[in-house]
Amino acid sequence: MSAVLEVKDLKMYYSTKQGMVKAADGISFTVNQGESMGLVGESGCGKTSVSMSIMRLLAENAKIVGGQILFKGQDIVKLKEEEMNKIRWAGIAMIFQAAMNSLNPVYRVGDQIIEAILAHEPDVTFEEARERVAELYKLVGLDPKRMDNYPHEYSGGMKQRAVIAMSLACNPDLIIADEPTTALDVIVQDMILKELSKIQKKLNMSMIYISHDIAVIAEVAEKIAIMYSGKIVELSDAVTIFKKPAHPYTVGLMSSFPSIHGEKKKLVTIPGEPPNLLNAPDHCRFAPRCPFATKECWEKTPPYEEIEPNHYVACFHPQNLRKQVSING
Amino acid sequence: MATKEIEGALESPLTIKMKLAWRSFKENWKIFSESKIGVLGLWIVIIFAIAGFIVYPILAATVWKPTLSGMVSYDPVTGYDFTQMLNPAPPSLHHLLGTDPLGRDVLAQLLYSTPREFALGILAALITVFIGTIIGTVSAYYGGAVDTFFMRLADLVLLFPFIPFLIVLSGMIQIDLFRLALIIGLISGFGGITIVLRSQAMIVKVKPFIESAKVSGASNPYLIVNHIIPNVMPLSFLYMMFNVTGAIFSEAVLSFFGLLNIKMSWGLMIYTADTAGYIVGSNIGHYWWLWLPPGAAITLLCGAFYFIGRGLDEVVNPRLRRR
Amino acid sequence: MDEAKSAVAQETVLKVEHLKKFFPLRKSPFSRAKSFLHAVDDLNFEIKRGEVLGLVGESGCGKTTTGKTLLRLYEPTDGKITFLGKDVTHLKSAQDRKWFHSKSQMIFQDPFESLNPRKTIFDIVSEPMNIQNEGSLKQREERVMEILKRVGISPPDAFLWRYPHELSGGQRQRVAIARALVMNPQFVVADEPTSMLDVSIRTQVMTLMMDLIADMHMTFIYITHDLAVARYMTDHIAVMYLGRMVEYGETEDVIQNPLHPYTKALISAVPIPDPEFKRKSLQIKGGIGKAIDPPKICRFYERCPFATERCGKEEPPLYDVGNGHKVACFLYEKDGK
């Protein structure tokens, strides 16, 4: 398996009047060809900042201050804007949060996708592009006849499918989906998730799926990264994350999530609130909420280490914790 | 963020409310002071206020006192300088801004008019905002026939030929400054500002905190007074600033046509110079001290209130803030 | 139903009979309505003291309208609501209104929008007492401090004079809960109170609400689209589809053994936080529509994979299949009473 995207020690900070906001602070992960990775975290933990850094769609006051983002071996942090424009859509495509609203209401949906294709591939004729859109419509489960409809004639789920079709238009190697189903009802969400997974496998694409909902992530991702306060605290394959979580935050997240499947367990709460990213402290950021925190945790930041093959954790006390969990569960 | 925490139980509701008001004033002042144009406007207004409310009374009681200055009279309305051979006279040591065609001191006229311009502008704006806020919120809240009535009325008032109406009216009644403020206040109160405040009230009306109060059994007047008005108030205040500008401007226009029954105002100064034939042809450059000071005063003061409004806009509309 | 159990201490607090709420669809405020949106159509249920009823369904199913109609934010089109033995369908007299509004409350979805940004926490929490003219200023202050402490805002006096924007999302929702409970209501409707909160905060607020319901013996209606949350929060679940109740029963019963095809589809679509568990979802056609002047047939007819000819001709009544589990589907005609 070859790596499509390698993020190495990415640091992206926002400068505000109150100080530095370290939205992504030393993020490292790899996404291989055909792999889908889930990026989980609560609002304000920096997960969207990571995706925006990869797309290089940064706000005025945001800056990548360190690290590398290697897309097929090429460091896109250093690319010029024109070169980056070629990679967006054609190399890395993104499905945004509330993507349904990203369709322009005054143009036909099909034409918007055709326009995106023509903008990136000048050699393609209009007819070829139209044919490709029809193919894409079939792929995402839409009737190609609906191409000539306007966005308001689509339901929420159909708009979301159209946006997925648009993101696939230039055959990207990597798709970043940022909470694409958050605004949808369960039944529609279920259909979209299934469709997305199916297409991803069929085209052997790589995908980064960003969500706060670990149940959704469990459905789509083979590999999961848990983010907390600008850092990845744990990264491993999905089963390990769910069955043998090592970081106390991951453990807390798993036991605080209600499920309709299986026995009704008592929900365990994580005390306290997520920290502000502004002027983040130099010690472990989860320490104030962590039941296992020791003096060490309040003094320095735990290193992000591979504690067993393909299982990365940033915690001083992952081992004993794992024993405890396996005894209980 | 919050400046200083106000802690503790009810020491006394009034002192707490005062502290809270002071705190939110300080926060808002911080945002306002970041807007250069707003601060500039505020400075101009302060300078005018000092000139009109402090400098003029002092001058009138000291150097400009008839007994002290002998033959030279500085009364802005009736004064006549007997030492001057020809009137209007250009600026001199005695008359820093010269005299007008009737031999009156231009600077004295300018300063004398300033407090009156303030009074007119602010009174008219207060009436406008009072009417606009009440009608806007009531229309938005009750909707239906009430809303339709007031909105169609606003359309009519907006299309109303304001100046011709005042010309006719001035033939029937004497329009002094107070009446003018009342008329301007009523007309703009039922007009444009109502529509703006109504649309703001419509946004507030559908907020869940309104339903939340309804669930507790709140009556309609309670909701309007306690929830809707406080949330449209900042916008009302903003429009008040723009209305001051409008009122001063209208006064100048009407005075220029000689339609008002007032002793002295900036508009009237220009009117006097104009009717005596000093603002026509080549005279306009020659007798500049007759029209430039009042003209500049009108422009500056109107502009200053508008600038303050622009600065307040950043306080009221958070989306305009640069963060 | 368990007769012995219900006879002991379980008093019926709220009884809803044939509740209907139709919204007229007009072109202008002066034209006559030609058609009606049947947001809530013929709802029947009752809730006992201390019981939590979950209203679940997709957006547009009428669950929020039901909650708001019960609290009299909307005037019911038809039907009868009985609260503590008293008919509160129309609340004609001021005295009745005062009585009802001091005993019922609502918790809203968005904790920022439901608190007036220009009021302090004290003003917000004491407002229900203020509106009802309850207690002196001193008593109000004591009560506000007490309830803030109860919902986990501590120390309460450090928060009294803050504004909502100075609080985090979780704290704001706690304040909204404090406000709802400040007058010890007997009946509370919570409309998706945790859907805007972060995962870790959501569990805190859910646990807090469960504690409060048990402590204060409140009757609760919990409106949610999230069945996993409903499983933890509620005793009974009513599944709504296009204004109608399609299934009702004890929460575990409905979740483990859904009967109505719509409930089956809904439950099978809920993602499970377990990567090894492979769900089999029941695929249904189309999307949720709008009940505008609906014909008298099963409202799920067009999307139902099990629909028969009869479903397109008549409307199924609620069949009781035992243990209070009711379902509006002809498939259960034989089992039901």
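By letter and in written order, the chains are A, B and C; residue numbering begins at 1 in each of them.
What we mean here is this: a contact is a pair of C-beta atoms (placed from the backbone, for glycine too) under 8 Å apart; a residue touches a chain by one contact, two chains touch by 3 or more.
None of these values were measured; they are calculated from a predicted model.
Asker: If I rank B-C and A-C by number of C-beta contact pairs, which comes first?
Answerer: Result of the comparison of B-C and A-C: A-C.
Asker: What is the chain whose Cα centre is as far as it gets from that of chain A?
Answerer: B
Asker: What is the distance in Å between the mean C-alpha positions of chain A and chain B?
Answerer: 54
Asker: Using the average of all C-alpha atoms in each chain as its centre, how far is it in Å between chain B and chain C?
Answerer: About 51 Å separates the centre of chain B from that of chain C.
Asker: State, to the nearest whole Å, the distance from the C-alpha centre of chain A to the C-alpha centre of chain C.
Answerer: Averaging C-alpha atoms per chain gives centres 33 Å apart.
Asker: Identify all positions of chain B at which a residue touches two or more other chains, and write them in rising order.
Answerer: Chain B, residues with two or more chain partners: 1.
Asker: Mind listing the chain B positions that touch chain C in their complex?
Answerer: The touching residues are 1-2, 5-10, 13, 16, 19-20, 143-145, 148, 207-209, 211-218, 222, 227, 230-231.
Asker: Applying the document's contact rule, which stretches of chain C touch chain A when the two form their complex?
Answerer: Residues 58-59, 168, 170-171, 198-204, 206-207, 225-229, 231-232, 252, 255, 265-277, 279, 281, 283-284, 287-288 of chain C touch chain A in their complex.
Asker: Over in the complex, which chain C residues touch chain B? Could you list them?
Answerer: 29, 68, 71, 73, 97-98, 100-102, 104-106, 108-110, 113-120, 127-128, 131-132, 137-138, 141, 145, 157-158, 160-162, 166, 176, 179, 183
Asker: State the interface residues of chain A toward chain C in the complex, per the touch definition above.
Answerer: 42-43, 155, 157, 185-191, 193-194, 212-216, 218-219, 221, 238-239, 242-243, 252-254, 256-262, 264, 267-271, 273-274
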